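Here the structure is laid out as structure tokens; the discussion comes afterwards.
Labels A, B, C and D are assigned to the chains in the order they are written; within every chain, residues are numbered from 1.
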Amino acid sequence: MFSVSMQVRDYECDLQGVVNNAVYLNYLEHARHQFLQHLGVDFAQYTAQGVHLMLVRCELDFKASLRPNDRFDVEVALQRESRLKYAFVQRIVRHPDQSLVAQARAIGVALNPQGKPFVFMPFEADLTAEG
Amino acid sequence: MFSVSMQVRDYECDLQGVVNNAVYLNYLEHARHQFLQHLGVDFAQYTAQGVHLMLVRCELDFKASLRPNDRFDVEVALQRESRLKYAFVQRIVRHPDQSLVAQARAIGVALNPQGKPFVFMPFEADLTAEG
Amino acid sequence: MFSVSMQVRDYECDLQGVVNNAVYLNYLEHARHQFLQHLGVDFAQYTAQGVHLMLVRCELDFKASLRPNDRFDVEVALQRESRLKYAFVQRIVRHPDQSLVAQARAIGVALNPQGKPFVFMPFEADLTAEG
Amino acid sequence: MFSVSMQVRDYECDLQGVVNNAVYLNYLEHARHQFLQHLGVDFAQYTAQGVHLMLVRCELDFKASLRPNDRFDVEVALQRESRLKYAFVQRIVRHPDQSLVAQARAIGVALNPQGKPFVFMPFEADLTAEG
């Protein structure tokens, strides 16, 4: 399972004293982009070439709160959603007991410079390897 | 339908040149908190008193991108999800043609100072009034 | 004096219950970009054409805190700093009494697609008009 | 010299393709709070007890841009500014050549629960030790 270790930064916490909901999307995106790097895909370079990796849907379940200084892992696993849609199944788990903080399912597509979804070979290769 | 009018700020856009996904959660939260104000509920005051209004789940569908300077409305409607869970059904629609940018379903609970969910009367009053 | 009216959004507040320092830079940038619009300069379009308007220095004095729901104005005035540097003199003042929350001096340059600073005519026109 | 190693996350970049200016304040704050931890001071706990560590001024010089995936250090050194004011002298330097990205001088105070600045012993101890 691919995962990225991170730590809460105080500025990510809101007036409830816990990490703000929107910041979870930041964490999840950062982990997905690190996963892309792991597959040999540089998000910024693809963007500069007109290939846009975009989400079409995201589902999140918030199970517990992250607090200042908490350390946690963000996991990423790729699954096929349909021929042109890919699902990133993600979990945020807190150290040291790996308790579940949040889980997410983010559905993405790769758009070519004309804005059309296409079969993204780096994802296909990972799906085949996992198969 | 309760709604809040907003405009994209350049710093909310990422290297794809469009509003970053996580910022949609900011927009949706701001609209929900304005909706709370409309119901007479001040989020910060409740927080200071130990009552925490929290999301337990959020589903978002991204339909189109918001770009620099775009103006848009964020709509909020409250529905009952279960006895102690409330659903905020939300849409982000772009001006001037009211085209759909994103839709969301955010499920929330009210926690008392002991961390237990309770029946939140301001929401009940709104649900009854809408009934 | 050019100014933009804004209102604190709860997600901009941190665990001290007030607007986080970094968010002031967001507010100040948004007001500068609105000021650019007022001068007929679209920041995103210039960026897409390879002209980068960038800060080289920023000084901020924090005088008071902004809290949830506070309304405030962000003022912008342009001054010449040197032949190729421009100073944005800015203030954040809270409603309704126009009390000073923060003041800033942001020094910027315009870089051409080769990365060289150049005399930016829209700023020169404003400086002459103010003269 | 106290320093924290970090890496640019894509969501921190704006439509110019580089880290947004306001994010530098996030980086600087995170490094200061890690420095506080190093001194035995937990920012969130002090806040909960009504002791507010706040900035009254910040000066930043932007020397170069940070781009996606860049790794960098944020340095923190404490200096006395006056009897009740403390200066955090900070630099952001990019890997691997330690080139200067930004330098900052952040002036802070410690406020007691009544909102009065006071002599903050953990800072005094560090200043004496450095002396």
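Here, a contact is a pair of C-beta atoms (placed from the backbone, for glycine too) under 8 Å apart; a residue touches a chain by one contact, two chains touch by 3 or more.
None of the values given here were measured: they were computed from a predicted structure.
Chemist: When the contacting C-beta pairs are counted for C-D and for B-D, which pair yields the higher total?
Modeler: Of C-D and B-D, more C-beta pairs in contact link C-D.
Chemist: Do the two copies chain A and chain C share over half of their interface residue numbers, or under half; same or different?
Modeler: Both copies, chain A as well as chain C, present the same residues to each other, with over half of the numbers appearing on both sides.
Chemist: Report the inter-chain centroid distance for chain A and chain D in whole angstrom, where each centroid is the mean of the CA atoms.
Modeler: Between these chains, centre-to-centre, one finds 28 Å.
Chemist: Rounded to the nearest whole Å, what is the centre-to-centre distance of chain B and chain D, using the mean of the C-alpha atoms as each centre?
Modeler: Roughly 33 Å separates the two chain centres.
Chemist: Averaging only over C-alpha atoms, locate the centres of chain C and chain D and give their separation in whole Å.
Modeler: 22
Chemist: Using the touch definition from the top, which residues of chain C touch two or more other chains?
Modeler: 10-11, 13, 15, 17, 20, 22, 26, 29, 44, 68
Chemist: Considering only the defined contacts, which chain C positions touch chain D in the complex?
Modeler: Result: residues 15-16, 20-23, 25-26, 29, 44, 47, 52, 54-62 of chain C touch chain D.
Chemist: Which residues of chain A touch chain D once you look at their complex with the stated criterion?
Modeler: Going through chain A, the ones touching chain D are 9-11, 13, 17, 26, 29-30, 33, 37, 42-44, 48, 67-69.
Chemist: Quick check: in the complex, which residue numbers of chain D touch chain B?
Modeler: Chain D residues touching chain B: 10-11, 13-15, 17, 20, 22, 68.
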